[in-house]
């Protein structure tokens, strides 16, 4: 029911903590487990059939990256949790895709939750998908709901035997994944910037049938993004400030770089919010100026013609004894009088700057 | 008297601190004392007749959970305070159910005050009840005002001999109780989300007889919840950050999990507040647009017909010497003139985009 | 002169610091000095004639409480300052009753300044009086401007030989005094809560001749209280956090309790501010809705009758050649036409939901 | 040019730092150098002819206070900087009288910049002058732009051989100077309080030709004062918290006292801002109520007479076949009908509470 | 496309970090590399042909300042990065001229990013260019996009053999460069101050065709500057607080001085924002007062003439039996009555203060 403003959580109430339930929509596809195992010299990539096969890769010295796409098969994930000895709450969090972005530091691994944002221009809808990353000493497990090709650019870079990935560990790989996710925020902001320009034009022309609705939608979208990027900034900050020994000194400046990007995103969002409130001000002032103009026209017309109508009304009366009615020059004189009043009024309004 | 905006406290003024007075409404039922005593192998549950019987359970090694429902019998609570050697201010706080959520750390036990929220959809009223929890080394005492079945799901989980409860101590049980209370906030937010959707529709259609009242009610409800959840966040934070040795390392990640829930609740409330102010903006702009439209109609009609009425007024005058009145084509010509004015006005308004 | 928004301080400008000048109004009564000297076994109470008599009590081991009511006799206070060896700035602050609440920690004593609030319902005026407390090792001196019976409940409790006061020191007595002063804030908030309810009804009915004035008064009262309670919170916080060795561990939980009360008061004030702004919104929207309704009536009437008046104006013209005037069914036909226009307008307005 | 909102600084651009240029207006008077040299027994006061003469005083043990009035003679100041061995940036800051209040702690001396505020009631203008103070071990140099008599009260107090000044060092003198400067803020606030009362009356009566301008002026004045007092608070705070050994323990409580004054000033400013926004609300609501009243009158008159005018218009038509025109009682009957409509309208408006 | 509110970054997505791409517009000019090598005795200035030539200067003991103007030749910069052994992310940041101002502290050098603001008065546009500075032990490299003559005043000062530059190191030179960049903010604020004055006049006269647009533009400009100066303040703060050993104690007070300037800039911006909101208030109130005046005129005219028109309408009716029509003094009497009504109305409006 209440899907618009709040995801329904009540179905989880009263359950034992750590109960693994996937709250997203299972899109019918199977879970895929793809492994990339590499170091400076080697590069192996494989699709796993059984989750148990990962054990061999985990124990081999080079960096192992297991990318899990699709979360609907709880069994597979349970098995994975056992193999890598993960805390039950982590497994629950991976499935309960309604988490805030966060990092949790355990003794042997880091658990990172992020959101990958995407924007549907036609439906004007931002959707987000949870990306969970577990960073161990020499392995990374990444969990995606649907977007199997999100990390493609990183995979390409790993293939390159001379790339920086091949000479560095799992933490550098983790950085690369986070970097791609943060970059997606810029994509969305670019989309919103385009829409902001349209909104501004609408405001200046006081057109656009659903202007106010669109402004509100835009505001909500920005709030949504901001709510999502703030914790990302914190988590990256805590990573490069060295709370965990899993992050090497080599990787820290790169994380600092992503951190700067998140600050830039937040700055841009704040900027957009200011622009929106400016646009709204323009719209409202234009609307009120218009109202003023309407009132002016009404007042000018009414103020000129109501007294004149009164005057002609007088000489429409049927009294027997109205001497003016018999005067030879009464009618032209009246015209003169009325013209004088008319011109006087016009001059008055000019002076008032109403016309 | 002043029940609407403030619970009356003045009856307690000047009394010695630690004086035990129950400020809630005694609902006629007796106080019930139910004990659950368990460890990995044993599981005993019993309704106590006399409060003194608890002494035996307290000293037995396994975890003892005493759940007190109903606070109207001050004698029973006094006795309990003596048996467990609790500070008089604690006993006062348990009865004075107007506390802010808080945790107080004593040497031998923790004293936790929480609020369980419930929402009456028909009367649109949020009510809250105080839940006090005392967490000792191997015991928990929980105090409820009325809601005897609040902790039922936990009781069920304890019954299960393979559940996590049976192998862990009183602190894990305390976590489970806090978790259930925090989950109730989500329930209320889901209710409010539904109402928000209705309010938004009302705003767009500018209908709803008591729109503004409802918006204000909604705001107050959110303020009420926020005021209640903020200190909960702080108290859970201080629990898992390890200010007390009564919380084991095993339980801390679970408390961190509840902590994240409270942050999510606060985020959602902030979100709702933004949505409300957006809805209000839509309502007000719609209302002002409507006003504009009304003015436009008035102006168009008045501006067209007032001058025309003036013209026909002229030829209603009874002057003897009005040559036009005798002209053969005067009447049709006048029609032509008036039609020209009429069409000119329409064109003018079209250009102004008023019609 | 400028008494409304600011107490005049300029008369103190350029004077040497520590100059003792009482800035309040001397209400003609004499200064009274009442002493209570007690410990577990003894209880002596006495009105002092001469300020020098206090020296004997001060040096006797049990707790000595000197309550000074009335500050107009600067001599007496000067003497007192000498006897207890108090810093000249303290004596200045006691007399300059325009202080912010604060605590100052000296080596041998604490100097606490508080405000006792009282509310005159009829004149809708909050007034405050300064209460200064000096807490020494085994003595307390309290200074009141007028309210001699403020501490009566505490005096009663001390009389009781089995009360907690008799077994504890001066710091517990200081707590009791602070507690009574903080409780007075609740009294005022209860009064304001009643007025808030009246204001809310006025807003809904858009009545109340001085609604806006009353709202502003209420706001100022809340600001005044908040400005007064904020530093109280801080000062109590610094007391129970143990910045001074004069506060024993026994008393600290009690101070923590008062601290919680101050937080509750601040919460309530914030709450009231939100409620006020909500009430104001209701008032303004009601007023603007009313305006809309007025405009609608005007528009409906004008829009219907202005065109009809034009039509009847046409057939009031006196042209010789107006064939319609001679037609047999012209008059009834015109009625038909006008009725059609009338009904058409009504239908149009119904569709627009204006009537 | 841009003097209204910003002092022009661009003339200093690109210059080497430490370049001494006086940015204020040289008011033609010469620089005066007056020295007061005192300790418990001695008291010497002298006007220096040459800046070099100060060297003798500086090295003599008692407290030396050099008061420099007028900054236009850069040479003199340069010399002074050399004699006391001051950092070139300090000399630049003394002359560049556009500084924020601040304290700078050097090894041998403190450099304090303050603003002395004065208010021209007639022109409603706050002007400020920079006061720079250099506090050395046994000397003080104070720099004033024009206000030579600002420190007169302090000079008087020093003359008194039994005053506190004579037994204490340069830091106590520095406190006295700061105290006088802070007290000037109260003077201005008292002036503003008077104007606030006038503004409030204007708001209630909706009179005052330049009400909005005056409100804005008042706001700017408050912002100006707040901008000036905030850093003063910080700087005094840093002095009494003991960042420098030049401030003795004796002087610290006095500085704490001035610190409390600055807090009171800030509180008062915040208070005034709240009052102003309340006054503005009253004004705007009164204005909008007035608009409503105007609309009501218009609507009542128009709504009553437009339909009646239509009716009389009908019987002004010239159709040959209008049977009513011939009826005997048509005219009185029409009067009855119109009276009924009139009364009906009045009743309707009464019910709506419009009249 | 979306250039107005956001620079397009998406072209960099998915690229390996450290990839050097210049995101600005290459303005066709070549990169120029000018070197100044100086100490107390020597002063050499040279335009480099090849970037490799810098190596010789770098290793010579005196201060070396390499000023790079133009960033379009990525090759040159790559080479430079190698020679000075700079982190690849630094080289990326220099080219990606969309950075926030920041300082990054590496072991051997500091990397400082700043923005030089310039204002085009005619087009009312603030543009900014990135200035990157690398401060090593005895060298500085500064990177400019276009403004080759920005640092001219510093170059002039260095030429002077007795200037402070010649006796101090690279950190003092870095300070001089930062100082010049910060001074440019004052220039822009002076421009804005002039425009603010014009806007204020427009507001008071309610003129200026694009008033609201201009207000919004001004707001955006201030937001833009504030967004740019805030991190500058932080970065200078971290420099003079001594996070890096490259900044000598001699230079720190100078940096503190620039720091004070940034605070002054921020203060001024806040001030301007308050002024703008005040100006907007004036504009809106003037506009609404005007509306009131229009309504008053309309109401006065309509309320006077509508009833009079009704009266003359009555005696325009054609009933056969209207006795008044035959009365001798009917017409003059009616004039009397109408005059009475007219005067009564005028008196009524006078009392209401509408005319």
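Things to note:
Going by the order they are written in, the chains are A, B, C, D and E; count residues from 1 in each one.
Criterion: a residue touches a chain if its C-beta (ideal position, glycine included) is under 8 Å from a C-beta of that chain, and two chains touch if they have at least 3 such contacts.
Computed from a predicted structure; not experimentally measured.
Under half of the residue numbers at the chain B-chain C interface are used by both copies of the sequence. Per-chain Cα centroids separate chain B from chain D by 43 Å. Centre-to-centre separation of chain D and chain E, using mean CA positions: 26 Å. Of all residues in chain C, those touching 2 or more other chains are 291, 295, 298, 302, 306, 309, 313, 316-318, 322, listed in ascending order. Under the stated contact rule, the graph of chain-to-chain touches is a ring, a single cycle where every chain has exactly two partners. Chains in contact form a single ring whose order, set by starting at chain A and proceeding to chain E, is A, E, D, C, B.
Residues 153, 157, 163-164, 175-176, 179-180, 183, 186-187, 189-190, 193-194, 196-197, 204, 253-254, 256-257, 260, 263-264, 267-268, 271-272, 274-275, 278-279, 281-282, 285-286, 288-289, 291-292, 295-296, 298-299, 302-303, 306-307, 309-310, 313-314, 316-322, 352, 354 of chain B touch chain A in their complex. Remark: chain C residues 1-2, 4-6, 8-10, 12-18, 87, 89, 98-100, 102, 104, 212-213, 215-216, 219-220, 223, 227, 280, 284, 287, 290-291, 294-295, 297-298, 301-302, 305-306, 308-309, 312-313, 315-318, 322, 324-331, 334 touch chain D in the complex.
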